[in-house]
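Each of the next two complexes has chain A plus one more chain, namely chain B in the first and chain C in the second.
So, the complex of A and B:
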């Protein structure tokens, strides 16, 4: 069977609709990952043994198990405890939680790269803890980790197709759906692949450039 | 609640073999491709470098799920040749993670100090001897921790084979168990998660032994790693 351009134009609108869902899931999931990851990183440095151990355990557990299974868990198990999430919400939370375990390591590296003297100066000036974090440490740590966060955002973008397992039709899901309606997968799936590539490749070039300019010195 | 626990464990364990097969198959293919493509990216010949770059960027730039669907649903239509689901899975995992691994190999080889190369030239080693006897043994030590991350990512990636009906652990849980014991989904999925956790601890343990051996071989002691179960990075952090 050969390539059919007419069919490609015919499926293009539905595939692009999936792309919008992919963007939505990526942006919302990334926001969850940025915020939750920072909370994890700060809790791990809280100095309270129980809390930092517990957070470490959660992070290692989530990071060592498949996102797909975690999505099934969020979507099919939580309703039994009275929490019913829409597919997209469950997907965003799952993606966000999974990637928060990665971003927490990124933040940790950024925080550790802040010179010790900065902490000591805060103690010497007897700045309160919140002020130390918000006005001294984080403003120095976060700009340096932005490229690494960008990298994970691109990864999340490429992992949104997993949401298809809980019924969210993202870019890949929409391509698969329209392909199975017409019993012809070649064009929509190739289109989805090309779209992923043309969007993520320039983004990763940009991140690499930022990394060289502003990233943590290695 | 734990009445059917034995049944759950045995049903999931039925899928364990396939998960392990896919993981090992994927690791073997990915490692081979990593070294092949990683060294090819350092080739003297522009054509070789460009071709390898194209492979690496295409497989890193697209989504694993799309790659899997493409190989399993689209490729047979184009070629008239249907691949068995498990093999399609191993093939995609290998090619995908091989592309990420290639960057690890390239980076590690490039970070071996220049003096080592110059020493080889001074001692009149051939390029092959230089690579095999001097550069790779040292670069290898630095490759092990990022490869550990990569292999855990690959293990997690085997769950995707559910989409193409390979009856591995995730498939066993979602298609065989949860459909029948919907009320006990929490227990079923927790069991699955623990199975994956154990497998990734096994990978990390193995890689730590490997790292210690490789470091001892070049007269180094490995740097103590902070993360106990795995490393920090996901897909893109590997680059």
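So, the complex of A and C:
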């Protein structure tokens, strides 16, 4: 087996295009996961039995079914109900929804780590509910959960190749595609692997830094 | 100002208050003393609506705190009713419970601004005035973590007063403090007791303080008022043996 540098340079643009898609899917998916997860966590604490039970059911259901099945559902089944999503949109929503069930647990832990006395002080001061959440509870809870959110973001980054199943050519997908066009996979797939590594390793260092700075243990 | 009528409070199977009755007059300073677990703190928490009664009712300032009128019946108060009702009541906690993500000034102005809609400038002027009263005018921009426990507690007192409550609840406010920091907090409380007409309910183990500032002292045991009397009477010639034992134990511990 030989290594062909010329071929590597030739496939580089297509692979980088895939990297861009990976970024897009990760960033947008992560935003969905951050926001939706927070909404889940807050709704579960709403004190309204029906709502917290319903959210619990959704979270458990999504978490205990495979992401791949959810992607298939969003992309191939929803059109039957008149909702047609582009591959990337379906991918972002699927990834975001799936990871929202994990981030909601992370937020929940962060919220529970805020001392009970903070809630009681808010009651004693008659602070409105939104003010209590936005100015007192979340500003104390979120710094503590940043490392965990970071870890999930890295996981999402590494899970984007799954989107190939619904036709999104991410970093790995693009490498595979260009490889199969030329019947030669070594260079593009190696390149994709190296790119995943050089991006996710520094990211995990950043997470470790965040952990030391804000972690729950502190 | 405050009336407990047959108040029952249980935690699981444990009955903390079993049909408690008492009243507090407007402007009165009442100290609640007694062994731990006798229900003193529960009384304050019920008044602050941090707990719900399991029976009986509580009135504050002539209005019912625990129940509201629906049609011609009284039903347990809902959250919306409680939100309005608790505005007249302030509380200072054993653990201060200042907001660590806000500076001192912000801790004090937050509630007036957002639950009473006081304009920012007005809330800040009042906050600085209160900080002056508790002797911390120079700490407005400090963060709670930069303050000693005694300073934090004085900020917490200012924060509670910023809402202009009719009733102030003090829940063992010096218990978490190092002994040398207690005096400053008590001095501030004496001043408030002397200079305002706020009705104050104070759970404390500081017997000298209770004796100096209280209009009345209530001795609790097992969720009941064992005896109540003006401080001079209760601390010198209590009616009950149990009270004598308790006072001796507290004094010896110091």
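By our rule, the second predicted complex is superposed on the first by the 217 of 218 C-alpha atoms of A that agree within 3 Å, B and C clash if a C-alpha of one lies under 4 Å from a C-alpha of the other, contacts with A are read in each partner's own complex, and residues count from 1 in each chain.
Everything that follows uses one rule, which is that a residue touches a chain if its C-beta (ideal position, glycine included) is under 8 Å from a C-beta of that chain, and two chains touch if they have at least 3 such contacts.
Since the model is a prediction, treat every value here as computed from it, not as a measurement.
With the two structures aligned on chain A, chain B fits next to chain C without clashing.
In the superposition on chain A, A:52 makes contact with neither chain B nor chain C.
In the superposed model, A:136 lies in contact with chain C only, and not with chain B. Once the two complexes are laid over each other on the shared chain, residue contacts for A:161 go to chain B alone; chain C is not touched. For the combined model, the angle formed at the CA centre of chain A by lines to the CA centres of chain B and chain C equals 100 degrees after rounding to the nearest 10. Within the superposed three-chain model, A:117 lies in touch with chain C and out of touch with chain B [touch as defined at top].
Touched residues of chain A, counted separately for chain B and chain C, are more numerous for B. When the shared chain is aligned, chain C comes close enough to touch A:126, but chain B does not. When both complexes are overlaid on chain A, the residue A:189 reaches chain B alone and has no touch with chain C. The minimum CA-CA separation between chain B and chain C in the overlaid arrangement is 20 Å, rounded to the whole angstrom.
Overlap of the chain B and chain C contact sets on chain A: empty, with no shared residue.
Residue ranges of chain A in contact with chain B, taken from their complex: 1, 60-61, 63-70, 72-73, 76-77, 80-81, 99, 102, 105-106, 109, 148, 151-152, 154-155, 158-162, 164-165, 171-172, 175-176, 179, 184-186, 189-190, 192-193, 196-197, 200-201, 204, 207. The part of chain A that touches chain C in the complex is made up of residues 115, 117-118, 120-121, 123-128, 131, 135-136, 139-140.
Taken in their complex, chain C has these residues touching chain A: 48-50, 83, 86-87, 89-91, 93, 95, 97-102, 110-111, 114-116, 159-160, 163.
Considering their complex, residues 57-58, 60-67, 69-70, 73-74, 77-78, 152, 155-160, 162-163, 170, 173-174, 178, 182-183, 185-186, 189-190, 192-193, 196-197, 200-201, 227-230, 232-237, 239 of chain B touch chain A.
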